[in-house]
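Chain naming follows the written order as A, B, C and D, and within any one chain the residues start at number 1.
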Amino acid sequence: MIALIPLFPLIGFLINGSWYAFVQAAPGRRKAGSGITGAIATMAILGSFVVSCLLFLQLQGLPPESRVLEQTLFPWMTFAGFKLDMAFRLDSLSTLFTLVVSGVGTLIHIYSIGYMSHDATPGKFFAYLNLFCFAMLMLVLGASLPILFLGWEGVGLCSYLLIGYWYSDPEKASAGKKAFVVNRVGDFGFLLGMFLIFTAFGTLDFEALRSAIVHGGHAALPEGVAVTTVTAICLLLFVGCMGKSAQIPLYVWLPDAMAGPTPVSALIHAATMVTSGIYMVARLNFLYSLSPTAMAVVAAVGGVTAFFAATIAITQKDIKKVLAYSTVSQLGYMFLACGVGAFTAGVFHVITHAFFKALLFLGAGSVIHGMHEEQDIMKMGGLRAKMPVTFATFALGWLAICGIPPFSGFFSKDEILWLAFSSEHGSVLLWGLGALTAVMTAFYMTRLFTLTFLGKPRFSEAHGEKHGHGHGHGDDHSHGHAPAGVHESPFSMTGPLQVLALLSLIGGFMGIPHMSWLEHWLAPVIPAHQATGHVAAEMEWVLMGVSVAGAALGIFLAIRLYADLELPRQFATKWAGLYRVLFNKWYVDELYERTLVRPIHALSQGLWKNFDVAVIDRIVLSFGRASQWSGQTVRTIQTGSIQFYALVLLIGIVLSVGYLIYGLA
Amino acid sequence: MDISPVFFYLFAGLALGCSLLVVLKKNPVASAFNLVMVFFAFAGIYAMLDAHLIAALQVLVYAGAIMVLFLFVIMLLNADVPSFDLQRSHPGARVVAGLLCAVLLLAFVWAFKNSPSPVEPGQFSASRIEAAGGNTRVVSELLFSEYILPFELTSVLLLGAIVGAVAIAKRKQKVGAGGGVK
Amino acid sequence: MIQQVEPWVVLSFCAAIFFIGFAGVLIRRNILVVLMCIELMLNAVNLTFVTFSKELQHLGGQMSVLFIITVAAAESAVGLALVIAMFRTLRGVDTDQIRLLRE
Amino acid sequence: MAWLDSHLLTTTLFLPLVWAIFGLMIPTGTPGGRATLRTWTLLGSIATFALSLLIYQRYDAAGAEFQLAEAIDWLPALGISYQVGMDGISLWLFLLTTFLMPVAILSSYQAIEHREREYYFLLLFLETAMLGAFVALDVFLFYVFWELLLIPMYFLIGIWGGKDRIYAAMKFFLYTLVGSLLMLVAIFYLAYQHKVQFGSYSTTLIDLYRLRLPGEGYASAQSLLFLAFALAFAIKVPLFPLHTWLPDAHVQAPTAGSVILAAVLLKMGGYGFMRFAFPLFPQAVLLYQVHFLALGAIAIVYGAWVAMVQPDIKKLVAYSSVSHMGYVVIGLFSLNPVAAMGSYYQMLNHGISTGALFLLVGMIYERRHTREISAFGGITRVMPLFAVAFMIVTLSSIALPGTNGFIGEFLILLGTWQASRATAVVAALGVIFGAVYMLWMFQRVMFGPVNHKENESLKDLSFRELAVLIPMIVAIFAMGVFPNFFFSKLDPSISRFLERSTGAALKVEAASAPATAVYAAKGE
């Protein structure tokens, strides 16, 4: 039964993929609607969602401590000295993820039918999308680290394929490659972490690992494993998370990943794939909680990333880039939560974030679709009237991410901030970082919202059409019939928006403080966070008030500032240096280019030309030259006359016979 | 060895002399005729050694077939070459070659003379061969029983030689010179 | 008067013919004569075989001779074919002309 | 049938050669004749493959060590005999060879335009030689086959190769020959040692396994003999810094030649290590473990780096082979079951995925007659099917989980980590750089706009080319998802290999402190 969850998208992928490869891709066939392929793909993921729901209900019917379903398909790698099964395990943590992935996935599939209606190769798009869902579901269902890794790299592949979906544009293709390579750097750490686990514990299965450490609800190190080993394991695995979940220093690929179609950004680069790092940390929470050092690093990296990405988001002009940096920032939040031991809060934020960030991205997609591929928020404004549904739903998402009660973002963010302050791993510093980020988040999201939907339009009606033609991506993404003017999107797109808006509105109620259903549900996997004594309980209300006030402050500032565009322009000129640094994203990409990419490239070139060819090959060839030279020297006696050779032979015979006779005598 | 010394020395002297002439005669035709004489002398010696079948084959194959082939080729080539008779090779080489051959010959003679006789002779004594029906019969029977495999293999060899000789000696067809047949 | 011919005398005679042939191979430049000298050497070997066959009372030697005669026939056929081919391409039968081994 | 039962290996072994001899009699003056020849050759290779499947079915992993064995005296005075037999280690490489041969033949249909008869004859001749090397149980017989396959390969590169084919063929030939001559000397020494220790010459492998050779220090018999064998195998693998013949040979060889070279010939090095060098000289293996681990790790990173900057696709793939085969070396020298299994699997993987890469490069070369990366760009748009196939093979090459490459690299790294952490860390870097060079190449060839006019009208894959590629792609996924299918026939043989390579050594170790220290320092 569990296997059905990833199986449906796999079947969808195979159908759409072969249809694309053998029918649609043939040159000459250019026109194809997204209807049938979209329907197949949606049915596939919907099937997963239904199965996930059924299994969720089944789990709910079980007593909490035995809420685990397992299915072993076949032995994957088994031989003397090693054993690994292709097995799935569904417990309270993974069921949440399967629901989110298949649920949000279904909505985004439906949305894509509308969004990709003008695309030349929808078969390819939906095949990739289904493949992604397959890999993501493998990731969350895998019963052991290698299967998780299978999904982990699988989603990375889909991310690569979908970012570079419009491959004719070299920049987009490069963005895809960058995403894959940066993720590979993370996977390098992941792999080593996995090896270290195997060496230390002799298993890669989550349950076996857990039972090696947790005894009677209490985590303790087994004999012969040092704390430093666990720290090393956690940090190495966290390197993997840095890559996949876009944390400093490996976050650079995510903003570039916005080159992909917007539904992809919503599904992969906001709602699901990027949160798999949090999933893994939460899955291995028993391991992480053994190492205070690793926890501190996770929290610090998360907090700094949250803040750092928020600073960049303030100045970006591309609607999707703003959302991308916002995603990086929110992911930082989640790691901050994990780092202070609030794994449940982290998972909570993953879920609410999946709702509101998917909503925001899809809303942005709707805007872009309506504006004919315009992504610059400076050229938008006043869309409230033109796109009422998009406006309304986007507003809900905006309030949710700003942390305004009672929207979902409020609950999860507040939970994180409170635990960052109060937990034994937390500190005022971490809380301060989080709170400051919250203010900035409110600020840049409001900026985005204001510039896009409020105010006066900063575009001409004719502009859209012209633009649509100018930027059509060759044959692959041109609008066959660019409709005049800005328009609201079709229902296939606004429908999912409305569902997501509803979820963003009510999603937070699953984790109301002190009566959290979520915490209770996750208790078998993540031990409930015990309240700590060193902070007074009333502080919780104080801090909640502070964070809401902070969000309100951010919103207020942004609305005041961006009501008139002159004001921000003055600020930008006043602090031109700071503005430039932020606008250019702290020059991190340039730094990597200078310190890593170019030196390695130059080194490789040097090794090839100056070592491989010039040294090794020359040594080998010099052997050849030496024998050639000696051959040339000796060959003077080679007259070519057979009779001469025979004469020499005769001389040889005489000499040997002479030697023999002399020896006998 | 129960052979008549008179006839042996007669044939041996003839063979030695003629073979020297083969080497020394300038004209290849003369060499060829001397070679025939050598072959005949050898046939005589074979006969004295009771190898009657070989003696016959020597005359038939060597003196008959092979020599005819040689003469035929000489005649064929002689036609249009003015300087068919070639000088012998470099005098130095000639001296060295002759000297070394002589030295080796002496070594061989010395070795033959000082080698001990075989300890136990085989089963085909002259009398037994005689009793079994004579040399030719015995040899032939052996050829078709114990030596049948090599015998059959020689047929492959001969086939190969025929094909090879034809392939080599055949005049190459001019490539691309169309219009030969009209 | 009736004297036996010692086997070593016969064998020495064979060796003499053999080396006359060998010397011929070495010093003659006419390839036809070279081929004849090779025949001479083969005959010397044949006679050696027969001599041993007689002395050892074993017919293996005579068998070998039969095969050598066959091989000699094949050899001279191919050899003469080569001579013809050579004559056709080089217009001569001088061994000095064939130095293809050199390059 | 009874005869076939008792001579199954020999029959399979010599079937291609006999088949090829009949193929020589097919007149090729007309197009119809050439088609007949090609079909005939293809049928021969398929028949061999069918026979090898029969072998697969007969081979029982739980049974005796060497099965389907045959032995005939060859040169009894020297103890040399014709002995063949099959164990798990031979089995999959044998099947890999017979599986790839039809693919290679099918891929040459259009690429080869002159001297077809000789070409197909040499291909089948090559198959016999390769198969022989994989099943020979007599060291000398192995040597004969090992040298025998040089001859057809030399001509394949030298006659049907690219512009610098003569240079490449000579380089290939000499490199390999130099290595193997020392091996021959070592083989004679082993046969002689057998006479000294057991009273008669022997080159039979099982006999030689019983030899006790002094193995203390770098000047010991084991050490020197190991080096003699290892040089031959390391050149074939090829191990850094003995790899420079590979790029030239690969680039110049015709497509089928490259495929066979990469897929099978390189495996002979790894196979040689597993079959001969390790079990025969266990102490020397421990002695040189560190060195080879280091060289293997260097090869991985070095190969990847140099591959990154190649302007020629085929050269890039060639250097990627250096990198991939580095994994095989570190896996073998880690001397534990996980790494050994991974190593062996990596050999099969590399055969499939690099073979497929060469096929793809060959296909695009047939269309454009260039292999310069800069001559392409945006090919996805004109050849979408080709792009799909290329993508899948690329992914296999960068070891994406779910494809075959992952299984090999994962197991090797996991095992190596237990033997030497530093090596594993350096080797794991190859995971990153592997992605860099492959994807960068893929991007430059397949993505972006179509910049060159010539590329506008390229034809997508034909039915024949699909028939070539689909088996490879199926193999890629089958090996990635169901590796246990392969492991199950392999497991006992790998265990035996390790037992021979370490068990004996460990016993001796108890007496000698330094060796223990070396092993313990790495094993922790």
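Keep in mind that, in the parts below, a contact is a pair of C-beta atoms (placed from the backbone, for glycine too) under 8 Å apart; a residue touches a chain by one contact, two chains touch by 3 or more.
Because the structure is a prediction, the values reported are computed rather than measured.
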(message) Counting C-beta pairs in contact, which chain pair has more, A-B or A-D?
(response) A-D
(request) Identify the chain whose mean C-alpha position lies nearest to the mean of all protein C-alpha atoms shown. (result) D
(request) Compute the distance, rounded to whole Å, between the mean C-alpha positions of chain A and chain B. (result) 90
(request) Round to the nearest whole Å and give the separation of the Cα centres of chain B and chain D. (result) 54
(request) Can you check how far apart chain A and chain D are, centre to centre, with Cα atoms defining each centre and the answer in Å? (result) 37
(message) How many angstrom lie between the centres of chain B and chain C, each centre taken as the mean Cα position?
(response) 6
(request) Mark out which residues of chain B touch at least two other chains, giving numbers and ranges. (result) 89, 93, 97, 101, 104
(request) Scan chain C for residues touching two or more other chains and write them down. (result) 22, 26-27, 29
(message) Where in chain D do residues touch at least two different other chains?
(response) none
(message) Once the touch criterion is applied, which pairs of chains come out as touching?
(response) A-B, A-C, A-D, B-C
(request) Flag every residue of chain C that touches chain B in the complex, lowest number first. (result) 2-8, 10-13, 15-17, 19-24, 26-30, 32-33, 35-37, 39-40, 43, 46-47, 50-51, 53-59, 62-63, 65-67, 69-78, 80-85, 87-88, 91-94
(message) List the residues on chain C that touch chain A in their complex, please.
(response) 22, 25-27, 29, 34, 95-96, 98-103
(message) Which stretch or stretches of chain B touch chain A in the complex?
(response) 89, 93, 96-97, 100-101, 103-104, 107, 110-111
(message) Under the stated contact criterion, what part of chain A meets chain B in this complex?
(response) 643-644, 647, 650-651, 653-654, 657-658, 661
(message) Under the definition above, what is the set of chain B residues touching chain C in their complex?
(response) 1-5, 8, 12, 15-16, 19-20, 22-23, 28, 31-32, 35, 38-39, 42, 45-46, 49-51, 53-54, 57-58, 61-62, 65-66, 69-70, 73-74, 76-77, 81, 84-89, 93-94, 97-98, 101-102, 104-105, 108-109, 112-113, 115, 117-118, 121-126, 138-139, 142-143, 147, 150, 154, 157-158, 160-162, 164-166, 168-169, 171
